[in-house]
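By letter and in written order, the chains are A, B, C, D and E; residue numbering begins at 1 in each of them.
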Amino acid sequence: MTDSKTPLLDELEKGPWPSFVKEIKQAAEKKPAAADLLNQLELSYKDRIGHWKHGGIVGVKGYGSGVIGRYSDRPDLFPNVQAFHTMRVNHPTGWFYKTDALRKLCDIWDKHGSGLTNLHGSTGDAILLGTTTEHLQPCFDDLSEAGFDLGGSGSALRTPSACVGPARCEWACIDSLDICYQATMTLQDQIHRPMFPYKFKIKVSACANDCVSAIARSDLAIMGTWKGRIQVDPAEVRAYADAGLDIRGEVCDLCPTKCMEWSEADRTLVIHDGDCNRCMHCLNVMPKALRPGKERGASILVGGKAPIVQGSLLSWVIVPFMKLEPPYTELFDLIARIQDWWDENGRSRERLGELINRLGMRHFLKAVGLPAVPQMVKHPRTNPYVFFWPEEIDKKEVK
Amino acid sequence: MAKTDIGPPDYKQFLPPIIRDNYGKWRYHEIVRPGVLKHVGENGDVLYTVRVASPRLLSTDHIREICDLAETYCDGFLRFTSRHNIEFLLADEHRVAPLIEELQAKNYPVGGTGHSITNMVHTQGWVHCHTPATDASGPVKAIMDELYDHFTHMDLPAHVRISLACCLNMCGAVHCSDIAILGIHRTPPRPDNSRLPNVCELPTTVASCPTGAIRADMKNKTVQVNDEKCMYCGNCYTVCPAMPIADPDNDGISIWVGGKVSNARSAPMFSKLAIPFLPNNPPRWPEVVAAVKNIVEVYAAHARKHERLGEWIERVGWERFFTLTGIAFTDKHIDDFTLATETFRTTTQFKWG
Amino acid sequence: MSAEIKERVLAYFREKSKGDKKMFYIKDVVKGLPDVDRHAVQAAVKELLDEEVLKYWSSGSTTYLMLAENFPKDA
Amino acid sequence: MAKTDIGPPDYKQFLPPIIRDNYGKWRYHEIVRPGVLKHVGENGDVLYTVRVASPRLLSTDHIREICDLAETYCDGFLRFTSRHNIEFLLADEHRVAPLIEELQAKNYPVGGTGHSITNMVHTQGWVHCHTPATDASGPVKAIMDELYDHFTHMDLPAHVRISLACCLNMCGAVHCSDIAILGIHRTPPRPDNSRLPNVCELPTTVASCPTGAIRADMKNKTVQVNDEKCMYCGNCYTVCPAMPIADPDNDGISIWVGGKVSNARSAPMFSKLAIPFLPNNPPRWPEVVAAVKNIVEVYAAHARKHERLGEWIERVGWERFFTLTGIAFTDKHIDDFTLATETFRTTTQFKWG
Amino acid sequence: MTDSKTPLLDELEKGPWPSFVKEIKQAAEKKPAAADLLNQLELSYKDRIGHWKHGGIVGVKGYGSGVIGRYSDRPDLFPNVQAFHTMRVNHPTGWFYKTDALRKLCDIWDKHGSGLTNLHGSTGDAILLGTTTEHLQPCFDDLSEAGFDLGGSGSALRTPSACVGPARCEWACIDSLDICYQATMTLQDQIHRPMFPYKFKIKVSACANDCVSAIARSDLAIMGTWKGRIQVDPAEVRAYADAGLDIRGEVCDLCPTKCMEWSEADRTLVIHDGDCNRCMHCLNVMPKALRPGKERGASILVGGKAPIVQGSLLSWVIVPFMKLEPPYTELFDLIARIQDWWDENGRSRERLGELINRLGMRHFLKAVGLPAVPQMVKHPRTNPYVFFWPEEIDKKEVK
């Protein structure tokens, strides 16, 4: 151990959590690039600073995205990572794999790249971590052959993602996987040929638990919900109570709208559904007893993003409820109108949320043809700086 | 020539038969033990899911090992989660225990379900990005080593979601996490006047600055930074490589708490600043690890069941949070960006500590 | 029609690339042809990209357009 | 020469003896009946206060009549409240009933205490100011005539504080009222290019505009207004008289709800827009009166005891407020000023109506 | 009625609420200015528009404030209100009067003005409504003689005001009247000789019920509060319960911190004072049983204002607790430091709150010498745009 060339990183092989250092070392056994990555990383650990230069690169032929260029700032020391680009491979929706497909990915990456990956990137892509410029096109060709395609990067639609939804979740109010997959397939051009002012992200969660963080991490969030009454199975409610669940304390008292009443005497649960805001809490605690209502659809929200430039935004409700059934025409039409308005009015590097903020929600709503509804706001405005449309004003000439 | 625009493989071909049969028809689930979910279909079918931790940065050989496991126990079906864990999908209850046995033998942590600490969403750091103020994988490893038992045990009041982003771009989307680890710079960028005129567009560079700290110097085709107005976000560097900002002695980590994404009980919330700065101290970032652990422990000791970290703080108050954790409150905790006034206390309703 | 727009797009790039600046946002190009519909400009640009007269340049976060001849070797 | 800087008369000389004796030593109070407070001192002393409404705009002769009353029943001691009511202060319980009798005979409304609607804080309007978008005293009179019974009866769930300001300067401080009546303009100012160069400072005028709608026209020493950016606040007119903004056909009243000042239960809150525009329809502003009455009635029918208007709305939700009151929600209710994003709904937690 | 010259205003003599029209008519019987006010107002009611011109006038000798100039825009029709200025008379703190003083005011105003007043203006002054330029100085002289002085206007300290406080309220935690009076007397110069960037308002409420709206309407709000335990009289608590008060429902459930427990069995109330945020609700409902704690003082808040220019602000806590006993040195020193910083840095027409917002709270706190404490914020910042002071940075030269 004492004569290791990576004494600092070696420390991170210890401990119970799986070690990324072990992964790099494993790849380094076969791949010089991985070995130089390890060495350069050790230098970063010593220097407490990154050693990558600003990237910048073309995509593969015909594409403008899917590749992140990266170059070492010490190619003298680490020639095998002089160029170390990543390829973003669009993951299969829901991150489902059969091993044969995964093995194909591995084989391709052993052939063309460093043998290192991220499963997955935080937008959802399968990240193939580190290759040279020459290998980009051949690697893409092999990927395409194997049935894979690249995801988004740059001023493009980014790889959409979806929660596991109806595949394995009892709460799915929409088919998150199908919606995501259809969007991905329909919007291929937007993913691969960046023509937008900036990035655009779409995420689909099939209920308000939001297991893909759609509300926080996408410009357009599609989130399953329902109308009507929560389906209650009174016998199962009692079964939970019998099993020791404190229904008043753990369910009713934590209901944000306080619309539930548990009567210990009758052992019945009453839900005033008109007050329920479908937060999911009671269903989460008693999945066997409570199920979403029968009329299902999605709320559509826009504007979520990380802080750069004007501060983080959580997405905003713009459509409280939309039925979502294939071919999702209403949804895709709306997305098209939204993107078109953003494309026309957005400045370079201006996300949708920032644009709406700059021009005003009323302009956005008018342009995309949505009515103003109270569900769009936490509360109405507090400042009196109200604009009126010219047509709302009494036209008589003011002298 | 290779076909373009084929899109990802159709996920349906990767769904195990039991999922195809029960697609959209699941009735309920139970967490059988930490890391093991049991989903029951309307028709009585039962699907088991075994969730294991992943370092996310995976070698192809390791992936092949995972494939071996999936083939042995799951007919080759597996998935990854939105937080980078691996999920083995089993239709056959009898293979669950053997799978877990082999996983444990191979040191795969089984857990991350329910009221636990699951995998950390994180980013590239010094492994691949050009703007990081800290590493990503290293701090994650160090923190999760320490919090390991909370991954394998569901012993917390509620879910705790920890994320890390190595710079203010926040690819780790730490802005809504129970606990967020965020790399930060603390010194202004240093425009390289020789390179800048060639590699950067002045208007874009000027516009990139959230605080208006950058002025174009038209004569010299470069820019000047007003150090007093710069809060080191690094956005100018993203746009203009000739404005390096990394600084080994002053880069480091800030810690944020109380964010959430789900709409369960309370609405989604942003994370709020807890600790403005901790040093980059590789390889194991002891100060950061200790700080995170302290927050988790204080939370675990005081929160009520089902209460997310942010919900607990909202209930007891931020003044109490700082008292209980012993974290110092400073002027840096007080916002001074565009929506600052919204965060100032406009009521005499507060506690003494 | 589309050929004419392509010609004008190309002329735009040639003209604007005379100085140090070689990379442009699609928005700049659209603004450069104010009388042409935005979508038509985008279509023309895509054709020029397919013909490899223009090339994309991406920082990963942001995408630019440039004449193929100006595309940097590696940097 | 007159003495300057003597300040107001020392209030202590105006305190009735019972107050001097019990100053800082009151033990509790009761509301004996609407408009009558009974304060009991630690030593058992009892002070009665009889509160009556005032139009605030008082003639000297009327003030003298009030003085007569105070002399007859209160040894000449009285006070005014922070909401312009008159309070007669009596140490002698036996004079309370006779005072009230005479007050009622003279048509002084007795009330305004406890869970009632007290006097409206309001402003000058057409009586004295130069910027009003509506009158002040007229709408107040029309509204209070209609709500009179709520002044004389404590029949509401909680205090309801109604205020009026005749322009966006908000001298009536309507920004934190249960119900706020606010005069608004709806057309941009019309710079008078002949007068403007002489009477206005260009930089101040340009800076006065919250939305940056004013551009200096240096050549003509005047300014230009970008009508699309103007939201008719009238601040430019305050600063520059050559930019009149009043417009009989388009000026009018907006209605705001749910503000409060006290820290009781909930923190102070701003009022929020309920109705963007109602016409100026003197002398009795029937549309405004009906709108206010409707809000009061819906609130009275639905709120719980002690629940201020804003607290009730917070509990049931704004979507419910609009449904119950039948008020139309429009794009104007959605903020588009600097803190707008803070008001957008960032959760799927909402009701259908 | 039919041949009235003011048919519109006459409508406002009807109805049970006291009529301002009657007041004007009453004054009009003696005063031509009041008569013309009535007539001009009738025209406004007809035209639906005001008929006053922008004023602007010097104050009385030696003063820069206290007078609001006003001119009719139809002096041709209403010559008696050609000039119709108001004088703002600083009210006696707490709006207490003895009738002799009030009568003196009336006599003076009958002598010099329209015979119309506002008792009071919404900043608190006794407003003498309408006189001519010539009468200003003589009127002031008479006022001064009678022991009255003018209040603030323009870029001055405005007339401070205070709730009735210890004079008649069991909850007063500070002597709001004395503090207000001392501030008014000490700061006479600031009131009368405008030297500030803009207006500055001070209001004092002796408890968190805030009966003078200090938190919403003043640049500097002083609000009484306490430390330690709420004083509970258990017998009186029981008496309220006996009298039918639903202590759990009306008190405990509405306590914002849920720190109260009422045991129906023991008939006792327990308050976890450590969690109490002193909102006043429980004391308001049971004044006979609960009283503020014994250690009393004030919270100081700054920044409140109406919307012009950047939107309304509610005041912000800057000192959670300050003991306030005469001569209030700590308070007045702090006010001086605050005003000094504002005066030095504020732009013209920039209120204190706007300045703090523009420069940042950290600069304000540093300048006035206050420590940052969590009580100052609803929650810590959410954006990562954190400034560090130069002295906090590792000085090693960065290459």
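The rule we apply is simple: contacts are C-beta pairs under 8 Å (C-beta built on N, C-alpha and C of every residue); 3 or more make two chains touch, one makes a residue touch a chain.
Quick caveat, the model's predicted, so the values are computed rather than measured.
Novice: So which chains are sitting against chain A and chain C at once?
Specialist: B
Novice: By CA centroid distance, what chain is farthest from chain D?
Specialist: So the farthest one, by centre of C-alpha atoms, is C.
Novice: From the mean C-alpha coordinate of chain A to that of chain B, what's the distance rounded to whole Å?
Specialist: Distance between chain centres, rounded to whole Å: 13 Å.
Novice: Averaging only over C-alpha atoms, locate the centres of chain B and chain C and give their separation in whole Å.
Specialist: Averaging C-alpha atoms per chain gives centres 37 Å apart.
Novice: Indicate the whole-number Å distance between the mean C-alpha point of chain B and the mean C-alpha point of chain D.
Specialist: Chain centres of chain B and chain D, defined by C-alpha means, are spaced 48 Å apart.
Novice: Would you please write down the residue numbers of chain C that are in contact with two or more other chains?
Specialist: Touching at least two other chains: 59, 61-62.
Novice: Which positions in chain A touch two or more other chains at once?
Specialist: Residues 54-55, 62-63, 68, 208, 215, 256, 278-279, 307, 311-312, 314, 348-349, 382-385.
Novice: Can you tell me which residues of chain D touch two or more of the remaining chains?
Specialist: If we look for residues of chain D contacting two or more partner chains, we find 168, 170, 175, 210, 233, 247, 249, 263, 268, 270, 337-339, 341-342, 346-349.
Novice: Touching pairs of chains, all of them, please.
Specialist: A-B, A-C, A-D, A-E, B-C, B-D, B-E, D-E
Novice: List the residues on chain A that touch chain E in their complex, please.
Specialist: 307, 311-312, 382-385
Novice: Given the complex with chain C, which residues does chain A contribute to the contact?
Specialist: Contacts found on chain A: 54-59, 62-65, 67-69, 71, 83, 133, 153-156, 193-199, 343-344, 346-349.
Novice: Write out the stretch or stretches of chain B touching chain D in their complex.
Specialist: Where chain B meets chain D, its residues are 263, 267-268, 338-339, 341-342, 346-349.
Novice: Taking the touch rule as given, give the residues of chain E at its contact with chain D in the complex, in rising order.
Specialist: 8-9, 11-12, 14-24, 26-27, 30, 34, 37, 41, 44-45, 47-55, 61-63, 68, 70, 84, 86, 89-103, 105-107, 109-110, 115-120, 122, 124, 129-130, 140-141, 143-145, 147-149, 161, 163-164, 166-170, 172, 175, 177, 181, 184-185, 188-189, 192, 208-213, 215-217, 250, 254-256, 278-281, 284-285, 287-288, 306-312, 314, 347-349
Novice: Which residues of chain A touch chain D in their complex?
Specialist: Residue positions touching the partner: 208, 215, 223, 225, 227, 256-257, 274-279, 299, 301, 303, 313-317, 320-321, 353, 357, 360-362, 365-366, 372-388, 392-394, 396, 398.
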